[in-house]
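Encoded as structure tokens, the structure appears first; notes follow it.
Labels run A, B, C and D following the written order; every chain starts at residue 1.
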Amino acid sequence: MIKKTDITWCPGCGNYAIRDVLEKVLHELPIPRKDIAFTSGIGQAAKMPQYLEVNYFNGLHGRSLPLAVGIKLARPDLTVVSYSGDGCLYGEGGNHFIHAIRRRLDLTIITSDNQIYGLTKGQSSPTTDFGVKNALDPRGNENIPLNPLSLAINMGAPFVARGYAGDKDHLGGIIREAILFKGTAVVDILQPCVSFNNINTYQWYHKRVFKVDNTPADRYEAMKLAEQWGDKIPIGIIYRDDKAECRELAKIFREPLTEADIREHLAMKCVMMR
Amino acid sequence: MIKKTDITWCPGCGNYAIRDVLEKVLHELPIPRKDIAFTSGIGQAAKMPQYLEVNYFNGLHGRSLPLAVGIKLARPDLTVVSYSGDGCLYGEGGNHFIHAIRRRLDLTIITSDNQIYGLTKGQSSPTTDFGVKNALDPRGNENIPLNPLSLAINMGAPFVARGYAGDKDHLGGIIREAILFKGTAVVDILQPCVSFNNINTYQWYHKRVFKVDNTPADRYEAMKLAEQWGDKIPIGIIYRDDKAECRELAKIFREPLTEADIREHLAMKCVMMR
Amino acid sequence: MEFSVLIGGEAGLGAFSMELELTDILSRLNYYFFATKNYMSRVRGGHNFHMIRIADHSVHALTGGSWDMIVALDEETEIRHRVHLYDKGLYLSPTLIGEVAREAREEFHDVTVSNTILVGVILAIIDVDTERLAAVTESNKLKYLRRGFKYAGQWEMAGIFPIPSKAGCHYIFDGNKAIALGSLLGGCQFMAGYPMTPATSIMHYFATAAMSLPAHFEQAEDEISAINMALGASYAGVRSMVATAGGGFALMQEAVSLAGMTETPIVIVVGQRPGPATGLPTRTEQGDLNLVLYAGHGEFPRIVFAPGTIGEAIDVTRKSFELADRYQIPVFVLTDQYFADSVQLMEEDLPVSVPAREYGIFDRAYQRYALMETGISPLTFPGLFDAMVRVDSDEHDESGTITEDLDLRIRMVDKRLGKMTLLKKDAIPPTFYGDSEAGTILISWGSNRLIVEEAVDKLVAERIEASALHFGQVYPLSNDMIAPYQLESKTIICVENNGGAQFACLLKKEFGLHATHNILKYNGECFTVEEIYSRVKLLLSPEVEE
Amino acid sequence: MEFSVLIGGEAGLGAFSMELELTDILSRLNYYFFATKNYMSRVRGGHNFHMIRIADHSVHALTGGSWDMIVALDEETEIRHRVHLYDKGLYLSPTLIGEVAREAREEFHDVTVSNTILVGVILAIIDVDTERLAAVTESNKLKYLRRGFKYAGQWEMAGIFPIPSKAGCHYIFDGNKAIALGSLLGGCQFMAGYPMTPATSIMHYFATAAMSLPAHFEQAEDEISAINMALGASYAGVRSMVATAGGGFALMQEAVSLAGMTETPIVIVVGQRPGPATGLPTRTEQGDLNLVLYAGHGEFPRIVFAPGTIGEAIDVTRKSFELADRYQIPVFVLTDQYFADSVQLMEEDLPVSVPAREYGIFDRAYQRYALMETGISPLTFPGLFDAMVRVDSDEHDESGTITEDLDLRIRMVDKRLGKMTLLKKDAIPPTFYGDSEAGTILISWGSNRLIVEEAVDKLVAERIEASALHFGQVYPLSNDMIAPYQLESKTIICVENNGGAQFACLLKKEFGLHATHNILKYNGECFTVEEIYSRVKLLLSPEVEE
């Protein structure tokens, strides 16, 4: 249904590879498409759901997670994925990121992390490396870069992984696991932006990424691993806690309120009636 | 100047002790009061600056930190302290908390952490313990509590401490160090709320708090220490990195823009003039 | 016959619990009464006072003027309020109350029961029959109330303001409870929120109700998250709402615009309090009408209700969910601290049926934003059928995909703005009160309705020609709504609890109608009947010109 | 004499850099020109086009109608625009341009220079003197431009639309640069922001300027933080601003109210784009007037400017800082994507002086909110003197301490709202254009000014009586502003780039003035002269009734 020609990313953008991976994973998953709902914010990454065969709510910049939380709470039967960019999720949406994790919901949170604001043409995002120069940081970025994976582990996320757009098979495995994981799964994908990030390129990554063989069982070890950056950059599942418990949710959608409910409710709230 | 009778906290509130400590520390510090600016949000804790002899900007719920950042950037000569409650700083203001730390400014961030929304009469805050029941959580709080100190260390804060309103001398030492520290100093103060938190009481804390003797040098060790909660609760300086560098700030206030500046600027932007 | 009592004291002394106990018993005894409060933004200390009006007829406002009785739990109450005691009024001084407390400790070994004793005194004053009282009161309380009767006897107060109980069986509500119940009746099953006075108790009610009903309350990390969660839940198929005050609502504006663009149904309750910024957090004002009318960037349709009675609050809230759904728009219920915190009888019938929600069956050809002749695109939810539900905050084509086709843009704008015509047809007309021939008409909106109506009675009783028109729906307005009232030929007095005469401005903008006078108040308190009555009288006296 | 050219192609093909190169050379050669663009919200691909009008007289709008020349860098341009080529217009097809590129690779071993060659073709068409060209061009470019002249000769296009260069020495600006420079001229030294089209380039300019000036730009984590940072900096004594689009501004509303309550000076630039929600991020609209007029909960004064020329943009922005300071209020500059992205000559004088900021000396007795006879409390900053500066978002007493004194509340509200009277006296009057006797008057605000004025010229040239009135200040409005124009007796046509006729509504509300007709456009594009001209003509033709 979606024509390649309608895709508005730049030729060579890392998002194309991620989209291929997502379509493949969704195709293979034992979940009917009609039961999958994506949310997204605004940015290049946030266009992702438009290019997939899924239900989606493409909302406001920074607000993909509250939408996802709302959908999940209303409809535990749906598989809910929040998809956005690094600026959207960790910048404008930072508060939702830390608090959504605390809610212990069965959500998947995926980010195309190109370490830049792509759609607005190249300003620093929270993950931009220290010292990088651009139009709004002509002297170089002064801020400590945010490490989304370490932060997610710190906040209590039970499944945390890093993927790389340049390794489709490996990425596919991660996304599959993340969606099937019962609990909040955070996946940050290294996504080269060919138009605005000429530092963290395919070439740059190819030299650096290595696959994590043994996912640490210890949270602090995992944070340390997540923070490894520079010459060696780990990809794979950085942390996983299968024992973490997901919150139990009430069924509401299939049980609409009825007159009987109201009568019972009014009877209980006896103080109101005289 | 400030009459005790004008203070609107409940009798027995932990904030009284903190206020005494603050007045004492400020009195002893080698900084003229006129050069100290507090910012705060809204809540019981956020009333603190009103009861001190300082300049203050008592702003919006959740927004004490952006105000503090703006003041510091405009006036590096001022000693800037952001003071607020756990709901204000970690809930509504969560995004500013994580990003203010990244900016590497010489700021002090102090929180009266009563693990509850006090002013709005007792709803769960981000630091409320798991399972605690209240009006908006009649079934008990479902969320993983946020650990502000571990989070601050994770985000790169170079000075992170926990104080306790029930130990004034110890608290005074911490606040003094925090204000004198060159860099972002985060102080979370255990503050009993006698009206709405009947779990984390003075008694409860008295049995549990212990003073940290050796501040860990390792970030991961420090996070582990910060996360210790339950039978034993560490207070004191949890993490300190004296080598972390503060951002250099331009002088702007004492150097207003002049006609000469503009002429020079227009000459540089030569492309505009034909 | 009426009796008015003010109970004052610092927070924590028990004035609030006295109000609760008294109104609880009054309602059990089928009394007509009205109770409201004036409290500070602090948990202990300060100065709060509770005002209760008891009558042998229906009452829904503060009279104003003097009190028949003042219960001064502290000196501050004495200093502030004693001057407003009616000549022959009854006064319980802090000293006297101290006595009662002392004796309570001796007699019952419990000082806290002294407030119940004082409630007993009040009940004795209005001549409540002790047997009927016994029948409706929990037995453990009765002895304290009886002790109050004894004091009343001693102090020669018993029965000196006798009020017969004539109300019959009624529901008792404060405004927030009415709105919360209205939401359940509207089929609302999801609410997300962040506490903020005066909206918090709506959340409390909803969260408690959700324990035994198929509904969910989620406390959000901030208001932005709250409204986006609600939009997510609504998209997923559950009727959803948020409630907040002006400051919290200011944060929700971008998402209001999102609801407008994505045509996602949502109900938003805004409880007004005096601004700007934090202002006076626990006081009342009607200062956020403009904020709500123009909330959100860009252009899209909305409805704004501002109920003036308990029944109306339940009704419009309930209806809000129907309308939000039918037109796929944000619908607002605008209320204020005064209405939220005033306890009163509901005199209208309480509806109990919950409208069943209907939705069609759609296949893969489904298009969320299909351009239909009706002007309304078909609404369904993910996972029900093969239909994919694609919703977009960018301008989109019929399928919900981003578009930059500028001709399509025009059709999409026309579709959205075109709903205004439909909304105007569906608008709830204002409520007229009084004589249609009266030369003066008092226009109000929201919580002032019953205060104004009582003021009209008072004016008419003095043969001053006056009538009242109350807008329970403040937007959109249509000419049909005012056509019956020949407003052009009348002296129009707009009564608003704000400094900017915001509704009067709206009337000017929408109808070219110019208010002859504005009665405004913006000190954080509600109007009283006396106040409106005397200000109207002054305005209508020949000397006054504007 | 005029020449109009459209250069189209997908993002990344070089249409934008051609516009830049061409306008750069035109300005060096002292040509009158106007350039604007129409682009999609994507970095590569899609369809963008750039429109340049070159003339022997001052031009500040798109003519509309047909093009004298089209440069089609791709097929899409051919398909979409060729139909709008003037009969005798010149057309460079994708094939032809492909040829040029091929030859460029051969001749210069660099395909990217082909765009410069095409610029050369255009310069040859308007008969630019090659010697003058050589004098103003960097030598490495000259050979490519000359190659273009050669092509023009080959294709028999050279000199067929000769335009003399008559502009003299001028500054060239786009709207955003004008605003950014205006802010520096206003003494602004602090800006915080979060990128958002169409306001981002204001931040880019300011951040770059701050490298060599005593000024600071801080990129915030979100818009809420941005405006609170700016308020913090302003409190600390530095003139501060923020710039954003409607969606980002929606998030700033609570802080606007904070500025209102704390009386903290701030300048807020809102660049409008089509909403609601994300809408059409790179297009233009005037849909956020209401949003800005009523932003923030509660009631407080503000000023809203909406400049229509480059000079006006610089002036009002500069003045905004003065006024924000003097009245301690938020001041808005409302602009839009069209104005932001249009490049034009500045015909007014460029001011260069920066007003020195004055502040008195205060001791410990200083009260931030002292009630003064002037209606304005004294403003100073922390750390300068012994004065403590206490600022509060709650209602406060004169010292800046929280108060719940309700009488004081009234005085504080009166102080804040009382400023409106002062603001009205200081209001900048609208600009009248044309014959004051003309029976028809076109009212506009913001970026439409010069389009409307040119349309008036065109109408008058056909002996259609028309004049124009442009509001560069849209709020507050005072009767003095319109008194000279006898608007009641005229046919009023309101021209707005939105669907809701928002300014017309404001005129009705403020003056009871009813627009006879509205000319609205809301497809995301700006008006052209032709469009306004023909729609006015149609409206004024006797058959039309409204």
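Methods note: a residue touches a chain if its C-beta (ideal position, glycine included) is under 8 Å from a C-beta of that chain, and two chains touch if they have at least 3 such contacts.
In this text, all values refer to a predicted model and were calculated from it rather than measured experimentally.
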Comparison of A-C and A-D (more C-beta pairs in contact): A-C
Reference subunit B; chain at largest CA-centroid distance: D
Centroid spacing, where centroids are CA-atom means, of subunit B and subunit C in whole angstrom: 37
CA centroid of subunit A to CA centroid of subunit C, Å: 41
Where subunit C and subunit D are represented by their mean Cα positions, the distance between them in whole Å: 43
Of all residues in subunit B, the ones touching two or more other chains: 8, 42, 60, 91, 94-95, 98-99, 126
Sites on subunit C at which at least two other chains make contact: 40-41, 46, 221-222, 224, 247, 254, 258, 262, 277-278, 281, 392-394
Partner subunit C, residues of subunit A touching it in the complex: 6, 8, 33-35, 37, 39, 42, 47, 50, 53-60, 63, 65-75, 77-78, 95-96, 98-99, 249-253, 255-259, 261-266, 268, 271-274
For the subunit C and subunit D complex, residues of the former touching the latter: 40-41, 46, 224, 245-247, 249-251, 253-254, 256-258, 260-262, 274-281, 283, 285, 287-288, 290-291, 293-300, 392-395, 404, 406-407, 409-410, 413, 416-417, 498-500, 505, 508-509, 512, 514, 522-525
Touching residues (chain side subunit C, partner subunit A) in the complex: 24, 27-28, 30, 169-173, 177, 184-185, 187-190, 192, 209-210, 212-216, 218, 220-222, 224-238, 240, 254-255, 258, 262, 350, 352-354, 356-357, 381-394, 400-402
Subunit D to subunit A touching residues, read off their complex: 12, 40-46, 193-197, 200, 203-204, 207-208, 211, 217, 219, 221-222, 247, 277-278
Subunit B residues within the subunit A interface of the complex: 91, 93-95, 98-99, 101-104, 126, 142-147, 150-151, 154-156, 220-221, 223-224, 247
